[in-house]
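Given below, in the form of structure tokens, are the structures.
First chain A sits with chain B, and in the next complex the same chain sits with chain C.
Right, the complex of A and B next:
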């Protein structure tokens, strides 16, 4: 292997570097600049704002609600998704007639645009003519319709259901790949040693699925945390920030709320990025720590 | 293993930044103070219009044809970009942040833009003959700080729509003239079998200020009294309390505070609501469906006095960019030609904003109920830049009164309005 001269190396790296600079760094710098500027309601920059946008976000009376919502939303969606996906993936690696068809069917919600899926659920959940209420009433489970999206006790649960629905395909496929990567002889050895099915799953399959679990969790946390269309579409009838997560909070700050302040929204955006980085770092740290202390 | 974990972290970080920046894509900084790409004083030959999409079928078709005529008649080129109403606030804000304001922007607000010194006023870009043709009401609400900036492109006025079949079933002979009658009628309709809403009341965030305007104007109330805000006036508290009463008595659809206008319209279109505040585009949709037998009537007032209507206009505002005055003036000169503006308004199903337009549309029986009230229509205080924020506060908070105290809600809104600079 001959040494590559630095200039040549740079030339090879240039496209990737340009991409990172253009797509990652440049917007990030612009976002930060915007967060330190004062904007008029029209979007006109009026001058520097120092850290005022940040303090305004941190002192916002609804910030607590928004953060709690975000936590509930991310934890509920990711946990449910992982558990359900584990079960379904286990089922889908078994061979049975029509397996290919079922696998294709599972990809469908992934292929559909999130806005369309969310809009579809708005119709399904509708109070007056939604299919879900219709079905529940025909079955005699309820007498009067449930206001899934307008009743505060139901809104978050209704959103989580849709969140899980759209996160399943990706997660299931990660787990299918993970399960397929587990060699058969390990399982056979466990059978020979007399392990029960539960022991085999708990002590052989699950530990070997660790990398897949890690990837699925980290990516899902980031996707779900940043999920805009579902929360925005299903929650658009509700006033204020009662059911908003940090992402829709950020959007409403810029365009819908009485603040209508791009600078404040940019500050919320920066805080958002830091928050998700922190969450992911902490998660990886915990996973790492467990492994090392074994 | 260690290094894979590290790269996973890096990948995660990159993802997060990517997503955040994709979402914050509209937040690029930039001063809009300069804006001269064309260089000092040279005359601009091409101008850009950002237009709101009133309908998929007509808006783009009209502006494309308009651009062609404009080019033939004046020699200037008009670039047209049609943007949906859902996106237009975001797009226009982004354009201004990035110092790429269009020459002409079609929007439902203008005063904040005038306040920021971004706009040409009528003396520079609006031909005098056009200004004198525009209805006085709209000139009044288009004037900020003594200058006319908000040139109306079209208007709409609201009226009471009622389902004649439901009225007949409930044995109601004529539309209500007072709020007491409206309440009685709503009771009769709600009592019919089939779970109909007596009155469909949309107080969700989409446009609660519109619904409330219609009610408060018909109780002799207003948003502003002269130069000061009057949101929590006794009249307005009475109005909102009445709406809460309708809600509590279950004379409305389920959960009015969380019902957007579009959803209320759908309810009326499906024949499940007795009454609703509607406007001409709703009538057009109902005519196309041919499902509901509806009648349009003046909205009842609280005490039976003459009905007032809530009018809405959107604006075509002109941004100050070096050298664009002549081309922009030529644009307005052409747009306000009766055969242009009235064609647009007729196709989109709205109401005229000019005296010649009112004359032309008078022959249309369907529009008569609106046209009679149009010259005296009351608007929301669109001439006050503060309203642009108050409107958003109203949208987000008014519905809260249905589950709370109407006076407290209005007091808070009053405070919000007074605290704006």
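Right, the complex of A and C next:
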């Protein structure tokens, strides 16, 4: 690898740096500034607010619910996604006629816009016209329709199902890549040693899949935490913050609530950013990042 | 060892299971396509039927003829194309420099890129809104294009960095000795050799910008400036419920993207996990 004068290198990186500074780092600064300001309902800055926006967020009556929702949402979606993907990836590395088609079909929820998939599930879940209720009733599993999106005890589960559905493709493909990287002779040696299929999986495959598992888990935690369209769309008709995560809570504070409180929303945003940075730091530690660029 | 006969039977059992799995993933989208081909009242029939009562193909021409839909589609196309152009212009030199040369600040730059990849614009949306509000850029295509470009830059840099690194340095060294400039070497030698990487980065950025929702929802308040992902929902509101049109618009938004995505499938995992899953 050659060497180059720092100024020449800077010239080649300058456009990328400008974009990152202007549209990623500068908005982060603006976010912090906004979190320390007071705004009118029309969005004009009225003056400094000190840390008041932060105490308002921390004292918000719905904060406990929102935090619990966020935890349930992230843990449930990520855990289910990882477990199901492990099984499906194991299946999809076997060779059988039509495998290409199956892998192609799995891509669809990944490629489609999340808001379109979410809106599609609004009708699928519908109390009167939804095919899911219809199918469950035809199969005799339930007698009367379930209000998946309106009944408070079902809303989170309904959102988690969609969250898992759209997270599966990426995770399955990460595991397929991980499984393909395991050399065949390792498995063959275990067969020669007389290991049962379960022992082989538990003691050979799973340990070798560890890097893929860690990466998939942390990236999914980041994606699911950041996820906006599913919670926002499926929960659209419900008033208040009963089923919101910290991300949709933040959005609604500024743009959808009666107060339209930009400052408070910004404070919630700063807290979200700090949480994500924490997870990113864990991720960088896990992938041992420095080694990768050598 | 299994006999050939049971081996092939096993393969067909796997095949059948595979088809079932494919169906599970496709089913909601099949409902979407079928929903676009039945009337709006058929979409709200009780009990619902799986197949349309009447196959109504005219919804597509209705939607394509709809002034509002055309402006949403136009915005989506413009924003996705322009974001992709910006990303490629910005990421190619950066990826080439970091893949080929050592210089102070190289590692911090790559770290910065990786961190932006982890950040969706969602968490920063209030900051983005404040910035564009102060700059008087609310409701402008430029704001949306720059945001999409900035947050998709990382994937392009990573994937291209990997492709550039994989080309042996000897290929370039000979040319550089002959007095070819770095810029010429990038254009004439490296870019043609890394075409799959360029295609992957281009398609991925295009799709990400095409599918983007939260920034567009926040910045594009004017109905005529909305992209498809924000606009299509106004087919079903408290006042009018045109599910057939909503689904036709969805099909038009989803189908091209799925085909493009299948093209780049092979390289996606590497780019998204930044080389940590080999």
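We adopt the following convention: the second predicted complex is superposed on the first by the 267 of 294 C-alpha atoms of A that agree within 3 Å, B and C clash if a C-alpha of one lies under 4 Å from a C-alpha of the other, contacts with A are read in each partner's own complex, and residues count from 1 in each chain.
In the analysis below, a contact is a pair of C-beta atoms (placed from the backbone, for glycine too) under 8 Å apart; a residue touches a chain by one contact, two chains touch by 3 or more.
Given the structure is predicted, the values throughout are model-derived calculations rather than measurements.
By the touch criterion defined above, A:194 lies against neither chain B nor chain C after alignment on the C-alpha atoms of chain A. In the superposed model, A:121 makes contact with chain C only, not with chain B. With both structures placed on the common chain, the touch criterion links A:150 to chain B but leaves chain C unconnected. Between chain B and chain C, C touches the greater number of residues of chain A.
In the superposed model, A:64 makes contact with neither chain B nor chain C.
When both complexes are overlaid on chain A, the residue A:256 reaches chain B alone and has no touch with chain C.
By the document's definition of touching, of the two partners only chain B reaches A:40; chain C does not.
In the superposition on chain A, no contact is made by A:140 with either chain B or chain C.
When the shared chain is aligned, chain C comes close enough to touch A:102, but chain B does not. In the superposition on chain A, A:269 makes contact with both chain B and chain C. Overlap of the chain B and chain C interfaces on chain A comprises residues 23-24, 27-28, 30-31, 33-34, 43, 128-129, 215, 219, 222, 226, 228, 247, 250-251, 254-255, 262, 265-266, 269, 272-273, 276, 280, 284. The residues of chain A lying in touch with chain B in their complex are 23-24, 27-28, 30-31, 33-35, 37, 39-45, 127-129, 145, 147, 149-151, 214-215, 218-219, 222, 226, 228, 236-240, 247, 250-251, 254-258, 260, 262, 265-266, 269, 272-273, 276-277, 280-281, 284, 288. Contact residues on chain A toward chain C in their complex (touch as defined above): 1-6, 9-10, 12-13, 15-17, 19-20, 22-24, 26-34, 43, 88, 91-92, 94-99, 101-117, 119-121, 123-124, 128-131, 134, 137, 165, 168-170, 173-174, 176-178, 181, 211-212, 215, 219, 222-223, 226-229, 233, 247, 250-251, 254-255, 262, 265-266, 269, 272-273, 276, 279-280, 283-284, 287, 289-290, 292-293. Considering their complex, residues 5, 8-9, 12-32, 89-90, 92-97, 112-113, 115-116, 118, 204-206, 253-255, 257-260, 263, 267, 270, 272, 385, 388-390, 392-393, 395-400, 416 of chain B touch chain A.
Those residues of chain C whose C-beta lies close enough to touch chain A in the complex are 11-12, 14-15, 17-19, 21-23, 25-26, 28-29, 31-32, 35, 43-48, 50, 86, 89-91, 93-94, 96-98, 100-107, 109-116, 118-120, 122-131, 133-134, 146-147, 149-151, 153, 157, 169, 207, 210-211, 213-214, 218, 229-230, 232-233, 236, 243, 246-247, 250, 253-254, 257-258, 260-262, 265, 268-270, 272-278.
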